[in-house]
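Each structure below is given as structure tokens.
Each of the two complexes below includes subunit A, the first together with subunit B, the second together with subunit C.
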Partner chain A sequence: MTQLKTLLSRQKWLAAAIATIVLAALLSVMSPVFLTFSNFQSVLVQASVTAIMAIGMTYIILSGGIDISMGAILFFTSALFAQLMLDTSSYPLAFAAAISCATLLGALNGALVIWFRMSPLITTLATYSIYRGMAIHLTGAQNIPVPREMGFLGNGRILNIPVPIILLLIIFVIGIYLLNKTRFGVFVRALGNSQRSAEETNLPIGKVTITAYAIGGFVTGIAALVLLARVGGLQSGIGIGIEFTVIAAVILGGTKLTGGSGTIVGSVIGAVFLVLIDNGLNLMNASPYIYDIVRGGVLLAAVVVDRLSAYRAEQSLRSQRSARLRETAQA
Partner chain B sequence: MKKLLGAVFAGAVTIASGAFADDIVIGLSVDQLFESRVGVNNAIHAEAEDRGFEVIEVVADGDAQAQNAQIQSLIAQEVDAILVCAVDQNTIERALIAAQRAGIPVVAYDRDLPESRVVQAFVGPDSLFDGREAGRYMAEALSGVEGEVVLVELIGALNDQNGIDRSAGWREEIAALENVRIIEVPTDWDSSRALSGTQNAFQQSENIHGVFAATDTHIPAVETVLTDLGRLVPIGEEGHVVVTGINGSNDGYTATAAGTADGIVVMDLDTTGRTAVALAVELMAGNEVPRTNVIPGNFYTHDNIEENAAMIWGAP
Partner chain C sequence: MFRSLTSAARLYPAIPVIVVLLVSFSTISPYFLNAGNVEAMLAANSVVLIAAVGMTLVFLTGGIDLSISTVISASAVLSGLVMAATDNVALGVLTAMGVGAGFGAANGVLIGIFGLTPFITTMATQLIARGIAFVMSQGVAVRGTPFWVMDFGFWVWLGIPAVTWIAFGVVLIGIAALTLTTWGREVYLVGSNRNSARFTGINVPQIEFSVYFLSGLLGGLAGFISIANLGNAIPGVGDTLLLIIIGAVVLGGTAMEGGEGSVLRTLLGVALLSILINGLNLIGIPFYDQLIVQGVLIFVGTWLAMKLSRRRS
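Our next item is the complex of A and B:
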């Protein structure tokens, strides 16, 4: 039991994984359809957009920041892509412009936070409004259909695997490598753990912060194109509130909101967990009036259980440490 | 109803002529911007321009508190009438009462404020009628199905009267089908939620016969799911899933013209916007107007949608 507690305190994503497995087991009892391969695939496809964005958000939160403007970046990127396709019909131009812009907008958030030493929450709240406004201005709040061929990003398959899942896997692998195998990953965690220590040890705080936000922007750009392809066109409601789902996925996955500690695996599991809730409710044909209650309740329960287990694990570690100290003193 | 609206129009145009027109300023308080809302707003601007009125437009971007402040600002600017599409009735009621005290008539458009003590007139879609139109078609199209008929309903926002009425109207007509099971999917007018909900619904039951979209902007998401499952079959071919929606957007038009959707109810945005201004003019002149003015939509199917493209606001 003590070993499990220690493991849970070290591998924070495990709590989310256990919660997901419990929820999945519960749903498989309640709905015979749940435990089928096609439903499993459907859940992953549905989770792909949130999970891709959650990978980017993990870097930002790990570095001690937060990006409320992610939904607005998603909307602006979609709007830019759709408008450019409408005007030029050039895929290379539209793709390049959309992804570059998303990355730049993310980087701009990081730059504003660093240059003006502003709170990331307030900064990105302001840019949220600006980016959404830019998108509305660009399109005149009109819906813009995207060409059918673009549907490949949303419906296509490679080796019989849906393209959104493949994109998620690629970003997942790169994300893990970058975070765990590079100096940048170490710097991100160090910055989130203590900005003062990072400053005192001359870490390139500016570069690390801007890069973390730029990664967030880049993956949001990719998520935007997947979502655009799946929804079939640009609509002005696209991306509203998605940043909160993304943040919830990251926090559910065990990343500390204050930064420094967390994993990409956890964030992706968090995204899948959130999709499972809706999937289960749909499969059980639940009343539409209880969706928000269940969603909020399960989320709250998961976070409370996670916090309690973390608290108990910390207490256990403390008591072990005290015991060792007593033993040393006695010796 | 159309005759009544015509009479309101004619009276209003007469009143509006002359020196009265030049000084009139209409305050337009908008909940948020999206395609159909912009369509109504454009009609309001066009009607106001035809009459020589000025329009001050403010957009709350879905924030009820912001809309409250914006209406207060319109009152401070001494507008002559306020046209409002509310984010939330309760939050803006105090601002609307302030408008009444300042002698400014208030007309609600597109979204009614039935509990308001201040709103003197409402103009908007006849959502019950529109829902019935979509439901009647679906009930007829599926009347020959043997055994259980499984339908997916993509519900709009649960707290939006238009969404509630569309659902109620659709269900009234669907009740004609025996042995029907409805899978309800709440979307909050969000197509990404419609997408995942439809995906889940088709996991729950492979044998789905029809999908009703409270807004036809969800139809491309339905097409995506049907494509995923290899079930995007055009109308008239075996295995076709009956799809209907309400709105009149390009998404609905394109899908219906292509035969992947069966038909859409098209809202008359132009009449809605122009009537809102006409009602305001009547109220400014101290005349009485009907409290509720609803405008039924027109249902177009795959067979006649292209020839009626000029009547559909979202058609290219």
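Our next item is the complex of A and C:
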């Protein structure tokens, strides 16, 4: 039992995984359809956009930053892609422009944070407004449909696996590799753990930060194309508030908001968990407006539980230490 | 003379920008300084001003209250429903303030006493407040606002709308509380150095609780004022306000890191943003280009304010 507890406190994503499995079990009791393979796929497809973005957000949060503008980057990329398809109907051009612009906008966030030494929250709040304005300026505030074959990215299948799931898997694998097997990954965590020691050990802070934000932008670009394909066209509401869902997924997955500690697996599980909650509410025929309340409540519960376990760990450490002190005093 | 001017600009970085905006907008558009336009601008921004005072208190301790925007919505909707059912204005005011105080107290307990991160905690309560606003109103404007409340939105005294007088009252109380009381000094100390605040015997959790509580309370008041302004309680009223509220506070020169800033600066920040938005509207700049201007201004303004305050210290 104590072993399990230490394991849970070390590998925080495990707690999220257990919660997800429990929720899934509950849902399968509620509805016989739930535990089918096709529903499993549809849950993953629904979670794909949030999960893909959450993988990028994990890098940013791990490095000690935050990106509030992700929803705006999502919207800008969708707008750029739809507009370019409308004007030139050239897929290579639209894809290349959309993905590289998304990466660039993300990198710009990182660069602004580094160059101006401003709080990431204020910086990305400002760029949120700028990117969103630029996107609507670009399209003249119009809804633009995308060609039908675009739907392949959202609803198509390769080897009978939905394309969004394949994209998610690829990004997931690359994301885990980058974070755990490369020097860059080590630097990201180190930077988030302590900005000061990162400075003192001469880490390339600028490069690491800009790369983390650029990764966030890149995956947001991919998520934008998937979302655009699933929705079927550009709509003015795309991306509003999605950054908060993404941050919630990352936090639910056990990543610390202050940076330094967290996993990509956790963030993806967090995204799936949020979709399962939506599914459950859907099964209960709940009003769509209740979703926000439940999400907020779950997020709050997660951070309270996390805080309580940290507090208990602190207490037990303290009592162990005082016991040891007493022993040495007696000896 | 020049020296005192530059030091004033350092303390109140918004003033030179406001002067430039006022001069340029009034030369471009003859309607800008028209009494009707000024009144409309003042009334429309009273909600933001009241909420921004609450956000300032939270910022001064180094925290953030993301929930204030949707607490405005939730308190407006619940207050609107109570007034529609009872036709009792006093009960409506009490409901709005009570809902705001409830959310503020919840944030305060979770952040101040349990020690949770302000960002996530208020992000969660933001979702909850938004959900309550939409569930209770079924997503549409609440009808049946008492006539008195709608009429109150149009009251003008000495050329200034009554709702704006209320906001000015909140600003005055805020200034007085921060500069004249021990509590005010403790708020600054908690924000500038938490540890030394604790060592000097300040009850840090209590101070943190108080700023989130007041922020919620002011969100509730702002919610009620939004009913008077718009004539109805709208569930989405707060959704777009968060950027403007935070932008106004940081543009005024209150630092997000805590310990640096004042309610007077926030008043100037709100004035700056509302003059900008109103002026851009008057000269016919579309809303999306306004978003770009706002974003650039928030970024550059915050950066300048930070630079100036660093040089001062």
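As a convention for this text, the second predicted complex is superposed on the first by the 305 of 331 C-alpha atoms of A that agree within 3 Å, B and C clash if a C-alpha of one lies under 4 Å from a C-alpha of the other, contacts with A are read in each partner's own complex, and residues count from 1 in each chain.
One rule holds in what follows: a residue touches a chain if its C-beta (ideal position, glycine included) is under 8 Å from a C-beta of that chain, and two chains touch if they have at least 3 such contacts.
Please read these numbers as outputs of a predicted model, since none were measured by experiment.
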item	value
Fit or clash - subunit C, subunit B, common subunit A	clash
Partner chain in contact with A:S236 - subunit B first, subunit C second, else both or neither	first
Partner chain(s) touched by A:P32 [first = subunit B, second = subunit C, both, neither]	neither
Which of subunit B and subunit C A:G296 touches, first, second, both or neither	second
Touching partner for A:S287 - first (subunit B), second (subunit C), both, neither	both
Partner chain(s) touched by A:L257 [first = subunit B, second = subunit C, both, neither]	second
Which superposed partner A:T127 touches (first subunit B, second subunit C, both, neither)	second
First (subunit B), second (subunit C), both or neither touched by A:P92	neither
Subunit B versus subunit C as contact partner of A:I136, first or second or both or neither	both
Residue range of subunit B overlapping subunit C upon superposition on chain A, of 91-99, 199-207, 217-225 or 307-315	91-99
Footprint overlap on subunit A, comparing subunit B with subunit C	129, 132, 136, 141, 287, 289, 291
Complex interface listing, subunit A residues touching subunit C	66, 112, 116-119, 121-123, 125-137, 141, 244, 247-248, 251, 257-258, 287, 289-297, 299-300, 303-304, 307
Interface residues, subunit B side, partner subunit A - complex	32-35, 37-38, 61-62, 155, 158, 183-186, 189-192, 195-197, 199-201, 203-204, 217, 219-221, 223-224, 227-228, 249-251, 254, 314
Contacting residues of subunit C [partner subunit A, same complex]	64, 110, 114-117, 119-121, 123-128, 130-132, 134-135, 138-139, 243, 246-247, 250, 256-257, 286-296, 298-299, 302-303, 306
Interface residues, subunit A side, partner subunit B - complex	31, 33, 36, 38-39, 42, 45-46, 49, 129, 132, 136, 140-143, 145, 151, 154-155, 162, 227, 230-233, 235-238, 240, 242, 275, 278-279, 282-283, 285, 287-289, 291
